[in-house]
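Once you've had a glance at the structure underneath, I'll fire off some questions.
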Amino acid sequence: GSTGGAGSGATPTDCSSSETFCVGLVTDGSKIDDKSFNQAAWAGVQKAKDSLGAYVRYIEPAEAKDYAASIKQFTDQKYDVVITVGFLTADPTVAAAAQNPGTKFIGVDQLLDTEKVKSPNLTGLTFPADQAGYAVGYLAGLLTKTGKVGAINGLEIPPVQKYFKGYEAGAKASNPKVEVVGVYHPAGGQPFNDPVWGAGEAKKQLSQGVDVIFGIGSNTGNGALNEVAKSSGAGTTRFCIGVDVDQWGTLPEARPCLVTSAEKLISDGVAELLGQAGDGTLKGGNFLGKTGISQFHDFDDKIPADVKAKVEDVVKKLADGSLQTNVVL
Amino acid sequence: MAGIVTWQFRHLLAIGTPLLILIAAYLFYFVDQTVATSMCANAWFFAVPLVLGALTGVIGERSGVVNIGIEGQMLTAAFASFFTAAATKSLVAGVAAGILAGVAMGAFLAWTTVTARMDQIIAGVAINIVATGITSFFYKSGAQLPVNMPQWNVPVLSKIPLIGETFFQTGPIALFALLIAPVLHFAMFRTRWGLRTRAIGEYPSAADTAGINVNRMRFVNVVLAGILAGAAGTYLSMEATSSFSRGMTAGRGFLALAIMIFGAWRPLRVVAAALFFGFANALASQLQGVVDIPQQFVTLLPYVLTLAVLAIAAGRVRAPAAEGVPFIKGEGQ
Amino acid sequence: MSTPIPPPEVREAPGGAEESTPSPVAAADRGGPARPSGTLGLLIRRQTIVVPLVALAAAFSVGALLIRSQGVNPAYAYESLFSYALLDGSGLTATLQKVVPLVLCGLAVAIPLRLGLFNIGGQGQFMVGAIGAAAAAYALRSAPGIVTIIVTMVVGVLAGSMWASIAGLLKAARGVHEVISTIMLNSVAGGLIDWMLNGPLADEQVPYPASHAVPGSAQLPPIGVVPIGLPVAVTLAVATAWLLRRTTIGFRFETVGRNRYAASYAGISIRTTTVVAMGIAGGCAGLSGGIELVGVEPYRYQDGIAASLGFDGITIALLARGNPIGTIPAALLVAAMRAGAPHLALDTGLRPEIVDMVLAITLLFVSLPLVVKLIFRKHAAKGSQLASSWGA
Amino acid sequence: MTQAESRPEAARGRPPSTEERVLELQGLSKSYGAVHANSDITLHIGRGEIVALLGENGAGKSTLVKQIFGLTRPDAGRIVIKGDSTPIKDPKDAIRRGIGMVHQHFQLVPVMTVAENLILGHEPVRGGIRLDLAAARMMVRELSEKHGLAVDPDARIEDLPVGAQQRVEILKALSHRVDLLILDEPTAVLTPQETDELLGVLSELAAAGTAIVFITHKLREVLAVADRVYVLRRGRVVGTVPTDETDAARLATMMVGHDVILRVDKKPSTPGKAVLSVRDLVVRDNRRLTAVDGFSIEVRAGEIVGIAGVEGNGQRELVEAIAGMRSPLSGTVRLGDRDITRFNAADTNAAGVGHIPEDRERHGIVASYSIADNLVLNCFDSEPYSRHWIRNISAIREHAIALRAEFDIRSASIDATAGSLSGGNKQKVVVAREMAARPRLLVAAQPTRGVDIGAIELIHRRIVEARDAGAAVLLVSAELDEVLSLADRVAVIHAGKVVAELPGDLVDRAEIGRLMAGERPGVPPTDHRSDGES
């Protein structure tokens, strides 16, 4: 887990010098190996690392009030690019960008209010999560035999809602009579880190006739996928769908039921922006990354060809904008 | 005279309340089978670690040792069991490791509080913090259970409507929890061990003058209680899910404390209390989106209810008198 | 006629009765509680300084082994940790900013302990204080900064105090155990606040649940490296110590904690003291919530603002052995290690959790019999004081 | 006394020959820090012999017997049980070797039943695990038959009056084979009737060959039942005499080292106007049963009114109601012309009521507080001990130093914790505190329970002085002698009512005994009074 930039121990590098290209990443409180967002962003950094010959590091601040200090550590050492992950880190990122015009900032999942924020050195990387949700929802609608599909969600916040509402819309689009049930983690506690709760809710939905479950929300969602994978008929009559990254890789225990994942192509997005930063073409403002649904892996041959065809078509239409999810929060 | 009256009343409660609840449950069942069963199953699923955790507390406090380290015991056990199972590719080894972890933590508590007469709350907090430290420091992602824990359908019993699916179509640890509660209740109130345990928790010097080795017994009890906490943790990472994540106990150890008190330090009432919480939790998520009030309010239900119930009914639950007080031989005689 | 007696001759403390040959130190400490002016001071100094220091040394050595096992030079690691946390400008600010809530939440635990009440509701009380402050600040967004600040603080205190008093009242009136009620109230606070952040107090500009930021005129950034909360917290800690040792209120608390029957016989209302103590405790936590809001970025209430303060408070209170003044060094230690952790990780590649480990081990050693036997035998009895809270 | 005569001559006075010795102590010493609780104690006791241990509070009696029962280890010396001198490891060992002990403080689990308490440590089980409570009940019944001590096996200890609890303690000690029975102040909490009952039991046990060590402060009992007396002073044996070669006065002198007057000499009272007037008071006990049932009495300035009665007839609830620790169901309590019926403890105290509580360990002192702090428990927030909420430590200490001298509180210093004092000295602390406030009304409940003669004398003198200073005193005591020697007026309480009011002098013990037992008097003047005004 704790490999990556930090793993290699302290090699004093002078980032201020022009030939060393230094990239620093600040997580949003959860860890670099969260099998999801931060991990994907870090993977993107790794991708770009070699092509850029970059020197990379990350910091895992423990609480919200540490974000600014963490960013400052990179800027103090004159890092060339600072990536901050997650909407929670948005404010400190904007502030830091204003103070350090010399440093490039990439805010992953941070939609910039371009009216207020004009810093040319800050790029907000966001993803049309509703589209990814729509696509997997569309698939779910076609897969369900019981006509009931479900989702286990983390906290009730826009990024999660986007996925879920998209999922709902997609399912209804492909299967008008389908019933979509979703549950958000109760407030307090750890909405994104309560796998046991996720599992329990998944168990409940399954026994209430749901046969496709979309786990939205880090470990909480993982718990749900895990429960589906354990249930009888996993992969034959019951399916689960991962989120953010291709969880086939990050959550092997879910493979028995994991047909696909609604992906924000985070690592691609990060890598691309880093590339631009490398050759100095990186522009400020909002950058819309891509979403998609990851490959079906072992389910490739289990899913009927026509279903696959329909889904691919939808994904294409969503990408070229000819299909709208009409999701409003 | 009045003694007899209250005694009868108590037993009326003791037998009547469970009965009423059961009847209510079945009424619900006949209204909507699937929802009823799924909610009850969910309730028990949620309650299992709480039961085991709370029983850990019951044993400790009945013998006079406060244990607020349950959260930590559970977390360590969850960690140890999962990673051992993953490393050795053996579920049995995993479960064993989990239980051992619980016992080890229990032994620490016993050693500091009983042998060295340390402040029991410090020891408990220490356990919690150590647990957080160890489990997040040594955590490595990517580990995986060799296979999932088996799900057992207990012959005959699992066929009973509602009850069957709720209690008898579960994994081994859930069944263990179901079994251990009445056994422990019996042991606590009907056996030599129980009598002595309650004595050392209520009035140690009396037990001492009766020739009972108070501190040895406290030590052993606290260590043994670790088994239950260990099982609770193992349940979280190996049975309820098949993964470990940092701080995955998510405060269940503290909830277990509340349940222990709510259950008046009585194993069977503890089960009832835990089920109540589980059911409220199930209800909360069930009502989400159905009833049109902020979902937060629904999720608050169990907590507010508990407070209300405690304020109105269960008023003064009496803790074992000598709880938290280290026993020093020769005093108070 | 009662000339003070050298420790070895003090013969109270049944605690020591069975020890074959009580060490002079032990004896002195046994004499301790009997002599508020004299030995208790000594005792408290012993307890709050010597023990933690020994423990700290031990813990850091164990930590060193751990660090080496990760292939990092311990000396370098510690140096990097603390030089950042205490010497680097932004590091020091971060540290001191953490000290404030830690001290205040430590007090929120330490005060009720005197009555044998165990307040694990610091978390909720802090949150309620902070949200109350947020609401007040929003309501007064157009008022002059100073007014906003003062009102915000007051509201924070009152909110936290009220929240804790619920537990106090439930205990006093209905005998509801404070451990349950505070656990429950924590969750209730969480839920209510989550609702407010999505409803009445929500700041639509922000893509996640958060309150409106405190108006700029009312924001109190650190002066130099010193957050405004620091003097407040320190003063409060000292004041509390004085309150408990020198006033009749403190005497009431103490008496209730040691023998509630004698207390009621002496005409001390256990109910009142219970509510008052919880109220004061909640006030401390609430105040720290208010300070957090106007004194710390992002100057708004958002998820995770309370972090793990409630339980950190317990740690602090215990490291400080329930002594209000002791909460200051205890908080400084914890804060420094927490603030330095990310830098340590960046600098050495160690996982930041290493600091939790070292803190844990510290607390372990604090509660380690060996150290204790060596230094203060009386703690056993004191322990009973702390924990006896359980029995309602 | 009767049971003394009823004993077979054989057992009486005959010094047992060595081979019959059940217990022998050789140079036993035990110190607590600086205190030599026991030093170089040598004594012996034979089969069927009853030996009394006499000594002031703090003389070391309890410490001595604790060592015999394995509760604490001697620093030096040997304990020989039936010729076997292997040290006693722990109570289990002591029990195994045939020693039974009734402790000065009850050793019963309050929330458990009599039966459960009796079997604790040697529980009968059915089928290897299940507690055999039926057998336990049988055992209790047989025991209480055998020794004529009536107890209900299924009663919870906490619901029993102290007298009954004491009976349980004794049965517990006898629930296994005992060659040596130790009783540490068993009669301190017993009524005269219960005491005689117990003394009878002891005589029979002795007759059956049990050796008995009997600790008490009451010379009457010693002379009644013991064969020999060992007198302890400051941890040493200062002498041993056969009871038939001594008398109360001489024993008393041996104990305290100077002559003591057993009867309080006081001039006749000159009552002023009514200070306390209680009318038709009804008070419920913890079990919600009516304990005080239409109680009326009047205490005037400068007089001592004694409440005589068998324990458990509402005395405790009466006192707590007057002292503001328990709110009455109905009726009124007036102090002078103020109605203090609904006052709480603090207000009552402020109004000028001093209260010596019955249960000193529980209500009287804070064990972990210094003597000094205990002495201001009732006045800590009034001048000069505090000013505007700030405590005045020096004033508190001066206060303590003065009272320690005045009431002869035996402790290392005023900073010693009250918990480390012996029973009697704890009591002195309480009495000192309540007296120091110079109350208009002093409510004294069992003011000399478990207190040695020296202390009794001192406390009695102080009470009389208070009276002469114009205070009204309500004295509640299970000690008939105490009531008779102190009170100017005696009210006999039975079932929560005043059944008779008699002048303090010229009262006949037997008459009062009958009244206490509930037998209606001929034509007691008080009878119309108490219901007349209702």
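Order as written gives the chain letters A, B, C and D; numbering starts at 1 within each chain.
Note that in this section a contact is a pair of C-beta atoms (placed from the backbone, for glycine too) under 8 Å apart; a residue touches a chain by one contact, two chains touch by 3 or more.
The chain list, named the UniProt way, goes like this: B, C = ABC transporter permease; D = ABC transporter ATP-binding protein.
What you are looking at is a predicted structure, and each value in this text was computed from that prediction instead of being measured.
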Chain pair that, of all pairs, has the most C-beta pairs in contact: B-C
Where chain B (ABC transporter permease) and chain C (ABC transporter permease) are represented by their mean Cα positions, the distance between them in whole Å: 28
Interchain centroid distance [CA atoms averaged], chain A/chain B (ABC transporter permease), Å: 36
Gap in Å, rounded to a whole number, between the CA centres of chain D and chain B (ABC transporter permease): 45
Contacts with two or more other chains, residues of chain B (ABC transporter permease) listed in rising order: 139, 296, 299, 318, 321, 329-330
Residue list for chain D, restricted to those that touch at least two other chains: 72
Touching two or more other chains - residue numbers and ranges from chain A: 156, 186-189
Pairs of chains satisfying the touch condition: A-B, A-C, B-C, B-D, C-D
Interface residues, chain B (ABC transporter permease) side, partner chain C (ABC transporter permease) - complex: 61, 66, 68, 111-113, 115-123, 125-126, 128-134, 136-137, 139, 254-255, 257-258, 261-262, 294, 296-297, 299-300, 303-304, 306-307, 310-312, 315-321, 323-326, 328-331
List of chain B (ABC transporter permease) residues in touch with chain D within their complex: 2-3, 190-192, 194-196, 198-199, 202-203, 205-213, 318, 321, 329-330, 332-333
Parts of chain A lying in touch with chain B (ABC transporter permease), wherever the complex brings them together: 1, 31, 33, 35, 156, 182-184, 186-190, 193-201, 203-205, 207-209, 219, 222-223, 226-227, 229-230, 251-253
Partner chain A, residues of chain C (ABC transporter permease) touching it in the complex: 71-72, 76, 90-91, 93-94, 97, 186-187, 189-191, 193-195, 198, 205, 207-209, 296-298, 302-305, 307, 338-339, 341-343, 345-349, 351-352
Residue ranges of chain B (ABC transporter permease) in contact with chain A within the complex: 34-35, 37-39, 41-42, 45-46, 49, 139-142, 144-145, 148, 151, 165, 236, 240-243, 245-248, 250-252, 281-282, 284-286, 288-289, 295-296, 299
